[in-house]
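So that you can tell them apart, the chains are marked A, B, C and D in the order they are listed, and the count of residues begins at 1 in each.
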Amino acid sequence: MPKPIIKVGVNGYGVIGKRVADAITLQNDMKLIGISDIASDWRIKMAQRKNYNIYSSMKEKVEVMRKAGIEVQGSLEDLLEKVDVIVDCTPKKIGMKNKSIYEKFNVKAVFQGGEKHEVAGTSFVAQCNYEEALGRQFVRVVSCNTTALCRVLGAIDSNLGIKKARAFIVRRAVDVWESGRTGIMNTVVPTMGISHHAPDVKTVLHHLDIQSVAVKAAHNLFHLHFALLTFKNTVNCEDIIESLEKAPRIVFVNSEDGVDGLHAIFEIGRDLGRSRGDIYEIPVWRDSITVLKDEAYLAWSTPNESNVIPENIDAIRAITELETDWRKSVEKTDKTLGVVKKFY
Amino acid sequence: MPKPIIKVGVNGYGVIGKRVADAITLQNDMKLIGISDIASDWRIKMAQRKNYNIYSSMKEKVEVMRKAGIEVQGSLEDLLEKVDVIVDCTPKKIGMKNKSIYEKFNVKAVFQGGEKHEVAGTSFVAQCNYEEALGRQFVRVVSCNTTALCRVLGAIDSNLGIKKARAFIVRRAVDVWESGRTGIMNTVVPTMGISHHAPDVKTVLHHLDIQSVAVKAAHNLFHLHFALLTFKNTVNCEDIIESLEKAPRIVFVNSEDGVDGLHAIFEIGRDLGRSRGDIYEIPVWRDSITVLKDEAYLAWSTPNESNVIPENIDAIRAITELETDWRKSVEKTDKTLGVVKKFY
Amino acid sequence: MPKPIIKVGVNGYGVIGKRVADAITLQNDMKLIGISDIASDWRIKMAQRKNYNIYSSMKEKVEVMRKAGIEVQGSLEDLLEKVDVIVDCTPKKIGMKNKSIYEKFNVKAVFQGGEKHEVAGTSFVAQCNYEEALGRQFVRVVSCNTTALCRVLGAIDSNLGIKKARAFIVRRAVDVWESGRTGIMNTVVPTMGISHHAPDVKTVLHHLDIQSVAVKAAHNLFHLHFALLTFKNTVNCEDIIESLEKAPRIVFVNSEDGVDGLHAIFEIGRDLGRSRGDIYEIPVWRDSITVLKDEAYLAWSTPNESNVIPENIDAIRAITELETDWRKSVEKTDKTLGVVKKFY
Amino acid sequence: MPKPIIKVGVNGYGVIGKRVADAITLQNDMKLIGISDIASDWRIKMAQRKNYNIYSSMKEKVEVMRKAGIEVQGSLEDLLEKVDVIVDCTPKKIGMKNKSIYEKFNVKAVFQGGEKHEVAGTSFVAQCNYEEALGRQFVRVVSCNTTALCRVLGAIDSNLGIKKARAFIVRRAVDVWESGRTGIMNTVVPTMGISHHAPDVKTVLHHLDIQSVAVKAAHNLFHLHFALLTFKNTVNCEDIIESLEKAPRIVFVNSEDGVDGLHAIFEIGRDLGRSRGDIYEIPVWRDSITVLKDEAYLAWSTPNESNVIPENIDAIRAITELETDWRKSVEKTDKTLGVVKKFY
């Protein structure tokens, strides 16, 4: 008997939500029933342009949205009645507030990394711990930063045994759409002490010894990560390269090829021809990989808007048990999104 | 008898060249024979990824490029032997140097706005002066800034009769790909006196009384233009809106819809789902249009990387007389590129 | 009989307030009694470092400030009891709210350009309309942008008779101190239609025909202005240069000398050795001055943090009638602040 | 017998050179004889404004400079004949070329961190290794980054015994004066592998186990450093604070006081009232200091334009043996420059 098509809704049509919605429409085992939001400006009108069914996340906004010319199908509750899974892409901390209504409507839910681990009890990076999410009602796809750290360090750790990982994170300050009012200018803003990223990695890679520090820098696209690793055994550059070569959703770039910074990654993304120029992979600078005695250094770019999109699709498959083998889900998702192991 | 497919080459695979190449592949009346460049870094490798035939613009670079792993089909001369039209997208002033070789190979050529008007004797904006280019050997597609000024002011002038146009231009400082070494930081750099844009507009709109001033600002995507217009007769806002409504390749956005600056235009471009998030239209802020007695003010965004792409396609059609009616060429081009009159 | 020393307080110790306070301490005909604010962070602690008497602008903040280690002398009311003049440098629209308390304590007050003209009924630029403020209880020093427009256009108008002035304003997005949270990034944000600057100029230059448009650009220091002028009679470059040569608080810079943008102005300010590297003058690009038939174009930089500081000192003298001749007040102020007619 | 006044010249009047020149004029045991450069634009004209004697670093530039209105006293050779010490502040790698001429004229020379250690054989941070430079002909003041690392890590190491230091460096992209043409925009540019900073630290702190990684971020003022330290013995936060408290040229700031990023440090610098708003100290975020088991984390700002200025003065004293006790030299220099142990 063929598996049923999973009906999915997306609550929160922002940077992540709109990409998740588009990605769902590319899958043959799930169907986008509708999206829900509270905005009534150009952002939500772009959803209308795509003929997505639009719902209002707050009942009192239904009329406001309609007055702004949005064709609203109903409230979030109406959407929840029609779906098997809701992907919650609302702003930080709103997901936790939404949890009870998802429970009430008995829908499965995928939360994002802006929520705490506790919102779902299971945090998720497909290639690291897909199995943990199988059949769960709730799962949390970790943030872009955590996802990148898990993919790269997870791949190295499972092959070479990391003793300690220390990460240095240079964050983009704000998202593009909000760059007209909340950015930082000609400055760097550090997080005091250690950052929350390392503990968050442990919600997925439970036993990794990791710490992290972070700054916000004066740009609005992509994070940049440096990792300093020590190992349980002697390793060399080739070992690290090989570990990353065989892991999915990680690609190599080279500064020697002229890929000298985040701007070049962004241009590559656009040249790839994908929707929005999105990059789902973690581009690791191959020529940044350096081994000094028992330490290794490497640097990568974290495409903050899009690297978690494939994880959301996989998370839907995991909690609905559409697919129980992580490799098969990842392969399927990657094929639909055009994820590659080589940019050029 | 069906018209033959026009064979086209692109010399210079940079910001404009790569987009022109892609646009040519979308046309059913022309065929991309190959692209030519001198780079051997990631940029040209992205062309290889698309299976474009790659030529070397300098004979001495053939081997360098091959050593870098590029499959080079031959030199520019080899490419010129195979094409009817070459689109020269080389850096400023190189086009003029290339002209004699195009003459030698007796190919028609489309130059870009980095060259002077004299390179071709005919400067071109499809909706303004398509006819001037019909059957010519050489034509020059004007710069992104000039193209935007011609589209918007041309549309208003032909409907309402502009007496004087004064333009204020806020330029992006550098292109994205070179943002790692040649940008400006936390400053504004003015052009002394009046800028070259106004005289350049007159190469297309020959009789417009126009002057312009310009600054470079600290961003790397999109120019922003303000125009101050006086008219031969009394006009009102609706007249201006109507003039722009009926012109192709101009769309309205509203700050009231949250489209508050260039960043929002950029996000819209990505949401449209086009290659590279490109915007071919000139987004005019509808709520910027203001009429005070005999003066009108309006503001628009000039998508510097992509607004000239449709013009290049039309220019090929004009000089080869593939199409003699500008409206038909524009319509055909716009359909293939997905150009719209309404974003949302 | 010698004139008494005027006792002055400063309410609001921000970008403008701290500079006004320092400037007052340099005058021999006035005395800084104290400053007042509601902040208790590093900014106010820098005032304590200077041994300024600190008051709390809100009674309920007295204890909060003391807990933060600030030695608070009392409330704003306590300060008002001790002063002849209060310079209100509070954020936009707070000045209007403060007006009644200044009336209650019967102190004269100088407001800033963030308030509307109506707060005082008299708007002020020393070299334009000093006399209007003589003996008034309230006066409003106009904003940095308006001050710059008044100085430059006023100087030209009074000499050459401007018919129409059209201004194009490229604003810095936010102040340095707040650049860690409210900036704009990689964008330009236009004001829809015409901007408020032109009408504000008319509160000082009552009969000037002026309009303005404005954008915010992605930098945090200095505005840049372009003006397009038409004249009642024929003028040439030298006429304009001469008008600006003889006006106070305007200096020439040249792009040919390498002063290519706002960053160079900023570096000059620092090299001048003044407090905070402040520039009180309006640096006009001499080689930007261009005359085309009946039109003239010129560009200048507007040092947004500091160009109104001398005006505040003059405004105190005007309303207290410490000095009735504007030239004498300007000369005195300029000497204490080191204002020059030539940077290099 | 009183010590003679040391006669000093400064070759290269850029970001560092102009500050060194000014600092020399504040000392009572040395005298600025003149400055030398090859520029003839506004930058050198600002030196003329200060009545510094100006020499030409290249004979062929003497006439060019004179034509630009600079009063040139002669060539570099003429200056070298008159001085005991030359401070070489020329661009990277030029210092090495200049060495032979300094040898020919038998003058002592202070080089900057743009040169390799080998230029002098002795690299210098006053509070770390003053003694090494005593009586030497040549000494090299290390770069701003290396100076900051040496001051902070040296202070901690000498008190607590650092086992390993790992540094993360976020660099400003370019200097302010050149921000109109060579910046980076909306990107982060990483150094591949490990950076040169760590080995450079070892030219001063010879036995420190240190490694570093570095990025350039999209701002033009101040670097930001994070250090991750492990220790030979158990330490706590207070130990680190105490080590830094008692070292010169290090001050604490707190994010809790609102000092949230580099922009706030810059504003503090200006509020201090020093020339150019310069900061000679290393501002360490006190609330960034975190100890986790055997590891400590801390962050500081490195004022790239000015933190090496006091070192240059001390270096002059060391090589001329004007002062043999490092504490006395540092104390003297710091008094003249207004260096503090507490900003607010």
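Descriptive notes on the structure:
As a working rule, a contact is a pair of C-beta atoms (placed from the backbone, for glycine too) under 8 Å apart; a residue touches a chain by one contact, two chains touch by 3 or more.
Computed from a prediction, not measured in an experiment: that's the story for all the values here.
Ranking A-C and C-D by contacting C-beta pairs places C-D first. Ranking every chain by how far its Cα centroid lies from the centroid of chain D, the top place goes to B.
Computed centre separation for the pair chain A/chain C is 48 angstrom, with centres defined by C-alpha atoms.
Averaged C-alpha coordinates give centres for chain C and chain D that are 35 Å from one another. In chain B, 176, 179-181, 184-187, 189, 218-220, 260-261, 263, 266 are the positions where the chain touches two or more neighbouring chains simultaneously. Contacts from chain B toward chain D in the complex involve residues 173-174, 176, 179-187, 189, 218-220. Listing the residues of chain B that touch chain A in their complex gives 18, 22, 39, 41-43, 45-46, 48-49, 176-177, 179-181, 185-186, 220, 253-254, 257-261, 263-264, 266-268, 270-273, 275-277, 343-344.
Chain contact summary for the complex, chain D toward chain A: residues 166, 168, 170, 184-190, 192-194, 211, 213, 215-222, 224, 226, 228, 255, 260-263, 266, 285, 287-290, 292, 295, 297, 299.
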